[in-house]
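Chain naming follows the written order as A, B and C, and within any one chain the residues start at number 1.
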Amino acid sequence: MTTTQTRTDAAHSSGNGLENAYAHGRLGRRVPWLVLGATMLLSIVAFALLAAAGSTDGFNIVGAIMVGALGYGVVIFITSLLVEGMRQAKDRLVTALVTTAFIIALLPLISLLYTVVVNGLPRFDVEFFTWSMRSVVGEGGGAVHAIVGTLLMTLTAAVISVPIGLMTSIYLVEYSRGGPLSRAINFFVDVMTGIPSIVAGLFAYAVFALIFGPGIRLGIAGAIALAVLMIPVVVRSSEDMLKLVPNELREASYALGVPKWLTVLKIVLPTAMAGITTGVMLAIARVIGESAPLLVAAGFTANLNYDLFDGRMQSLPLFVYNSYIAQGTDAQAYLDRAWAGALTLILIVMALNLLARLIAKIFSPKKGR
Amino acid sequence: MSKRIEVNDLDVYYGDFKAVEGVTLTVEPRSVTAFIGPSGCGKSTFLRTLNRMHEVIPGARVDGEVLIDGSNLYGPGVDPVLVRRQVGMVFQRPNPFPTMSIRENVLAGVRLNNRKMAKSEADDLVEKSLQGANLWNEVKDRLDRPGSGLSGGQQQRLCIARAIAVSPDVLLMDEPCSALDPISTLAIEDLIEQLKNDYTIVIVTHNMQQASRVSDRTAFFNIAGTGKPGKLIEFDDTDVIFSNPKVQATEDYVSGKFG
Amino acid sequence: MTSAPARPARITAKKRLGDRLFSGGATTAGALILAMLAAVASFLVLQGVPAVTADPRDMSILAGHENFWTYVWPLIFGTLWSAALALLMAVPLSIGIALFISHYAPRRIAQGLGYIIDLLAAVPSVVFGLWGANTLAPAVQPFYTWLNDNLGWFPLFSGQVSGTGRTILTASIVLAVMVLPIITALCREIFMQTPVLHEEAALALGATRWEMIRMTVLPFGRSGIISATMLGLGRALGETMAVAMVLSSAGVVTFQVLTSTNPSTIAANIALSFPEAYGLNVNVLIATGLMLFAITLVVNSIARWVVNRRKEFSGAN
């Protein structure tokens, strides 16, 4: 139902509430909540009994909530059908379903964040951020080589892709007149957006293997693979931002006799800068978690490597993957490192996302609605 | 089918802001009542409270009562869905459903009630409603074409056909001609004249000539200043409002001194 | 626009150095993207061709297979099957969530709820893999056993149930969670653009909220839902690490979703085999990558075609 924020005052209705032609059986505002509470309680009690009886291992909170939500849908549908009729019953059922869908989506998010934090904290220590995995077997060791590698490769990828992406979007918005080149670019940027990340890695590997022979793994190859993934994101987000700059600003600048390139440089870009920066940050956040292309192009190693052009380079996502896939004799130590790496990775990505949103919020031109 | 509307001391709020204050008036059945007044005086908002469409706007609420043949729209247990079925509405801009054909548009409201309808019965209803809206002759050969292909005036009459297909008690019109050209406007005004025989019609309009042409009674709303609530200033027979109003503000408005 | 007779009188603006450099740079950047994509395609083809043309006995990775095609077929099947299962779960859920945010949740908190769903999109795929293998798989295993015991007659749930829970269904659940935010974000955007005029028209006819959504929001958003689904499909097809970590695979073709012998996917297979691959085996993997590229290209093209074709029938008038 539409949110009825009307004060339903019985005293006001001049005592003819019963003969009201527009009233029919309606569930009170509190009824759905009561039904929800009752079914949830029932479901939780049932699951607790099952757990007590030993037929399930421990209390299954997720199962209890799911069964409770389903039960609510059924009960409210039947109640509403009896009191309010089919149409209202359907409406209430859909409301219950749609809300349940949202709750279902929250479950993996909560579970994931919870497990990563709980499992990641034991090894989230100083050693983790100061040691590499060089000659570490079993416990101890750290991910400093992976963090350095991730930062180096991601930064390089950004250095490659931001100028190309930004200039391309400037071409699309400011210079192209819908000719074949701009249509081709538009189409192929869309194609690029759809490139599976591992294919980008294969591409970078194929290029370098052709030059240096097969089996080559280089940090720069990883950076190029990431750049391939990053460019279309940068192009699309910058394009959107440049399109938001009102034409009046450009015309005002032309009317002052400012040449086009200066207009773009001094008027258009500064106006769109906050949005472009946000887009770049989000693009970086997207590729910093990429693992598949780096597995193929940059390989993995236990050593600290600062040189993009010499030898394999470890990255944080691959550190996590590798610790999990190749568990050594002391499996728990490897798993602990994997979780700590996952926690670090999530924190970095979240921080980037938050920063991007903050930039967008603080520096964006105020919307004049 | 036509019913009397009584409004008693009605206030409308948007959140904490009081948009309309203390409206009391009675609309007789089988008559056309026009609401006139400057922009932002709350006449459209007030119109929406007559079928609870204001609730679509977040934070909007009402204090007071609206009785339609004695039944309070804001009484306990009243279902706004049922209210809107009995009190039809036509909007400022024509809004036929773009994904439906002309025929489906007319039947849209009836279909909602899951009434199993024989095809012949549905055909009759489509013809009756479109004829009621003076549109039948123009569209009878293309009932299965999308409604968005019609001209603005035809679309608006299609919306009226859609509204009367559910046989409402009251028909509310929110500036139904403001997006139309003069010829389409004339067609709609003729239609209102006919519909008056079956329905209680309330129309909001910016056009004072239109109010004087189509309405039997006219209500003038005004606002004291920005941030103040709109109020009902004068409500009387249309001739009186336009020729011999009792309040100075009404005279100023209808004679074009402001607004 | 200069008309033909006026041509001699046309004034050509003086080309400034700055203008020329700047527009030249912008054009070059655009052309570079085209060149890069051409390079991706040609390098992959160049490196992939030997896998198909060379003698299968020279490639240890093809052991037990007649040729490259019998090797790649189960992988293609696994890729499509896992992505289809994922979409089957993710699409209805996403539409529900998008509707909840756009039309059910109180407006004040709707944007915040949108951010929460977007958080899921920010989680790197290795983390999803770790979570799927260590948390989700053990959690759903009892449920799989139950399904197998009670609904084992249903072909999908038949076979010997996996003891670890690391089946293709688990991988698809993880994929579904990963594509959920993408589809939700797009659907939400489209649903919110439904013209208020049409929504009010439905409500004024006495529609309940669900009837209003069915009459206006869903028809209006249909092409948006389709393109969102296709975008999610593209992502699910190409996802590598999460599948590689969750799925315990054997190169089979089966529709059973609860057993421990599952088809692998192209991307996961590359990730698992590439580090140890040498010689022509690398070319085989690159050739499978090319197949994946082709499949995603087709999916994305269909999506764009559907959207363009539907444009004229959409509600925007």
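By definition in this document, a residue touches a chain if its C-beta (ideal position, glycine included) is under 8 Å from a C-beta of that chain, and two chains touch if they have at least 3 such contacts.
Being a predicted model, the structure only gives us computed values, none of them experimental.
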item: Farthest chain (mean CA position) relative to chain C; value: B
item: Dominant chain pairing [most C-beta pairs in contact]; value: A-C
item: Computed distance of Cα centres, chain C from chain B, in Å; value: 48
item: Inter-chain centre distance, chain A versus chain C - centres from mean C-alpha coordinates, in Å; value: 14
item: Junction residues of chain A, two or more chains touched; value: 1-3, 87-88
item: Multi-partner residues of chain B (at least 2 other chains); value: 56, 58, 81-83, 86, 112
item: Two or more partner chains touched - positions in chain C; value: 203, 208, 211
item: Residue ranges of chain B in contact with chain C within the complex; value: 51, 53, 56, 58, 81-86, 88-89, 91, 93, 95-99, 108-109, 112, 148, 159, 162-163, 166
item: Chain A partner contacts - residues on chain C that touch it in the complex; value: 16, 18-19, 21-23, 25-34, 36-37, 39-40, 43-44, 46-47, 92-93, 95-97, 99-101, 104-106, 113, 116-117, 119-120, 122-131, 133-136, 139, 142, 177, 180, 184, 203, 208-211, 213, 234, 237-241, 244-245, 267, 270-271, 274-275, 278-279, 282, 285-286, 289-290, 292-293, 296-297, 299-300, 304
item: Residues of chain C touching chain B in the complex; value: 107, 195, 197-208, 211, 215-216, 219-220, 313-315, 317
item: Of chain A, residues touching chain B in the complex; value: 1-8, 10, 12-14, 16-17, 19-26, 84, 86-88
item: Of all residues in chain B, those that touch chain A in their complex; value: 52, 55-56, 58-65, 67-83, 86, 112-114
